[in-house]
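Before anything else, here's the structure in question.
As written, the chain order gives the labels A, B, C and D, with residue 1 at the start of each chain.
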Amino acid sequence: MDKLTTIKEAVKNIKNGDTIMIGGFMGNGAPPELIDALIEKDIRDITLISSDTAKIDYASGKLIRDKRVKKLYASHIGTNKETGRQMTEGELDVELVPQGTLVERIRAAGFGLGGILTTTGVGTRVEEGKQKLTVDGVNYLLETPLHADVALINAKKADKAGNLQYQGSMVNFNAMMAAAAKTTIVEVDEVVEKGEMDPNLVMTPGVFVDYVVKRGEDNE
Amino acid sequence: MDKLTTIKEAVKNIKNGDTIMIGGFMGNGAPPELIDALIEKDIRDITLISSDTAKIDYASGKLIRDKRVKKLYASHIGTNKETGRQMTEGELDVELVPQGTLVERIRAAGFGLGGILTTTGVGTRVEEGKQKLTVDGVNYLLETPLHADVALINAKKADKAGNLQYQGSMVNFNAMMAAAAKTTIVEVDEVVEKGEMDPNLVMTPGVFVDYVVKRGEDNE
Amino acid sequence: MNKEEMQTLIAKRVAYELEDQSLVNLGIGLPTKAANYIPDDVEVMFQSENGFVGLRGLKEDEEDDGTIVNAGGQPVGIEQGGAFFDSSTSFGIIRGGYVDCTILGALQVDLHGNIANYMIPGKMVPGMGGAMDLLEGAKKVIVAMQHTAKGSPKILNECNLPLTASEAVDLIVTEMGVIEVTNQGLTLIEYNPAFTIDEIKEATEAPLTIADDVKDMTLNI
Amino acid sequence: MNKEEMQTLIAKRVAYELEDQSLVNLGIGLPTKAANYIPDDVEVMFQSENGFVGLRGLKEDEEDDGTIVNAGGQPVGIEQGGAFFDSSTSFGIIRGGYVDCTILGALQVDLHGNIANYMIPGKMVPGMGGAMDLLEGAKKVIVAMQHTAKGSPKILNECNLPLTASEAVDLIVTEMGVIEVTNQGLTLIEYNPAFTIDEIKEATEAPLTIADDVKDMTLNI
């Protein structure tokens, strides 16, 4: 199966109200053209799951700026003042999730777990509304999976089977988000044929990926 | 820090009664010289955590053959008749763990989780003695971490900082076992200097690895 | 039919269940044989739970370098477009619902879709390997097995061996026919005309509903 | 001391805590400055929780190609022997106890070692980022901060801002001194002779035990 397609085709089933994961950390390793495609397609009422909201005109920050997001799961929003403003004024529902817990909740969804136990957040506001368990005398929070309809991720290179390689610190949340969504779309710099990527050096297997789009193409 | 050393030095603190993880699947990706070193060092009363017990004269099977193991966690023992015999005759305490649960329990130990929820094993003997939780109407078992004193793993290549690359299907349990033990010793085919392994292509970061030994050396 | 003929028939019929572009995990033994009978117009990727997708047999002139084995520990190869990964990712793929279909053997299956295939207490305890995970995680579970063991039914009202998973099986393929596991019990949807319906019922402990449009299973393969 | 002098003093003293061959995670802001003052005979690896070990500053002639940023989103480089990995591995390293020491700033710390550093309700809510995980997972937690905020104590009997973690802090380093958090409360083990002990007690809401062998903190740096 050849997973290489256009952005237009890849995003065709994304709709208002979807839960969308966007990879990247402060925009590093976010998929810029896929984010722009969401805006062009005028997708609204998004539940966004992302490490942070970058800056106001950058990466997932654009979706906040244009008020496309109704609910946000993120670990850090301090770099985007507009996110803070919308939250304070009740326009945006924000659930702050510790970064390690965020990635474990995403992984749990992708990897079919019912949740994980962590000490992170015990004794803080993070424990509000969550089930607490004591195992061998240690107190844990039960953190449950975060699923998504769509994951928009970024990689350096894909083969046409959807196998991915990342570069530098750009892997961050992308690898686990690939597994956690019903539909995973990856934006890459380079696409090679099947057989041209060493199977030993694949970082995300193509089974998690539905569509591959190439950055900088005429993607109509 | 240069983690390259001799086998003799690497195994010097392993002692009777230790809990030892051994990587590999049916011996594929097991560390042969490290296993032989355990036997030469006459380590006994081992609690062994391994995917399986391979064959009687092969990989972790040798430890069973030589009656060095008092307790075994494994997902499959059918290929080593001696394991079955020792279990049936009460010489060896065996806990059979579903393979996916085994690797998650190892990962939970390495990655500092208190446990994970899984549907695997619900309604079977695997649930005996375990805490059961119902979340959103689904029944789960709480599977707790499996820690070890020592992990003996195998990789294709290491740099002197302990960063690892694997080959083929030989990665299997090695990657997660690296994280889950107090001391991790890796046996490799090839060792390079720091800076000679592309940091993008490291499969197990050196922070998890304590000692690197080179296969086929005079390791005295 | 001798044993080999039965196994070939089962393998052929099971192969017919595999869908184009699907990810499939085959248990060792009889299920593995299904790979030989996949129709030419169907492209399937095989997963090997020890850590890769793109499992294929070694080519005739291909040397075994010891680096790739299947879940039975035998030397195999990898297809173009395949990928290696660690056990945690491999079982993430399985538990995360990315395996479209798994085909497994069984000692017993029952009317609720319960399956027992990993131990006979006090006698044979190979262990479950990845079977429990596959039974929970795969979208479709097919049992491929001979209908009886030494003349005794293996399709029962209630498994009496320790279960590998409960309510997990979707379809049972034997040399006698193809049985769907539904909420209402077991339905024979195809049968092998070498047997009569009565013979099949006789060889099955659990009650068997015969589908109104029950077909000849040998026509499909 | 002006603000910059205070920060430099704190950064220098904190750097002195870092052990040879240890893995360290520095929070953004003041803690990051500690990296500039590590003694020559101490080799430390820095972790960046967004996904690598071997964090280093860009060299003077090095171009930023946009592929490597630190936890503050700033361009950085990677040392020889470093490695990139995904967020799940990165927080595995943190929660798994592989980070020997983390240095974080704080809004408030209290006598139990509780720390508040991620939000002022209704006013400033940057979020916890990786701080909650670091506070739980790192073997040693050092708070590096100015002793007071606009003259008000930050070292309290009880934090009144939402906690980032409870009973997590091991050591507090300020421009006034070095305070150990013990089961018996807070102990001043070093102080800056630019201040009197009474001035330090005055600037600290929580009761402060003065160590019998309290030292001059500026001698160590």
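By definition in this document, a residue touches a chain if its C-beta (ideal position, glycine included) is under 8 Å from a C-beta of that chain, and two chains touch if they have at least 3 such contacts.
The structure displayed is predicted, hence computed values, not measured ones.
A.B. asks: Which pair, B-D or A-D, has more C-beta contacts?
C.D. replies: Result of the comparison of B-D and A-D: A-D.
A.B. asks: Suppose chain centres are the mean of their C-alpha atoms. Which chain sits farthest from chain A?
C.D. replies: Farthest by centroid: C.
A.B. asks: Chain A to chain B: how many Å between their CA centres?
C.D. replies: So the centroids are 32 Å from each other.
A.B. asks: Using mean C-alpha positions as chain centres, tell me how far chain B is from chain D in Å, no decimals.
C.D. replies: Each chain's C-alpha centroid was found; their separation is 35 Å.
A.B. asks: With chain centres defined as C-alpha means, what is the inter-centre distance between chain B and chain C in Å?
C.D. replies: Result: the chain centres lie 29 Å from each other.
A.B. asks: Mind pulling the chain D residues that touch 2 or more other chains?
C.D. replies: 52, 78, 84-85, 88, 91, 94-95, 136-137
A.B. asks: Two-or-more-chain contact residues of chain B, please, as numbers and ranges.
C.D. replies: Residues 104, 107, 112-113, 118-119, 166-168, 200 of chain B each touch two or more of the other chains.
A.B. asks: Which of the chains are touching one another, listed as pairs?
C.D. replies: Every pair of chains in contact is listed here: A-B, A-C, A-D, B-C, B-D.
A.B. asks: So in the complex, which bits of chain A are touching chain B?
C.D. replies: 104, 108, 112-119, 131, 133, 135-136, 138, 140, 142, 144, 165-168, 200-201
A.B. asks: For chain D, which residues count as touching chain A in their complex?
C.D. replies: The contact residues of chain D facing chain A are 48-52, 66-69, 72-73, 78, 84-88, 90-91, 94-95, 114, 118-119, 122, 124-133, 136-137, 162-167.
A.B. asks: Would you pull the chain C residues touching chain A in the complex into a rising list?
C.D. replies: Residue list for chain C touching chain A: 21, 23, 43, 45, 47, 52-54, 78, 80-85, 88-89, 91-98, 136-137.
A.B. asks: Residues of chain A touching chain C in their complex?
C.D. replies: Those in contact with chain C are residues 1, 107, 109-113, 159-161, 163, 179, 194-195, 199-200, 202, 205-208.
A.B. asks: In the complex formed with chain C, which residues of chain B make contact?
C.D. replies: Those in contact with chain C are residues 25-28, 51-52, 54, 74-79, 84, 87-88, 94, 96, 98-104, 107, 118-126, 166-176, 203.
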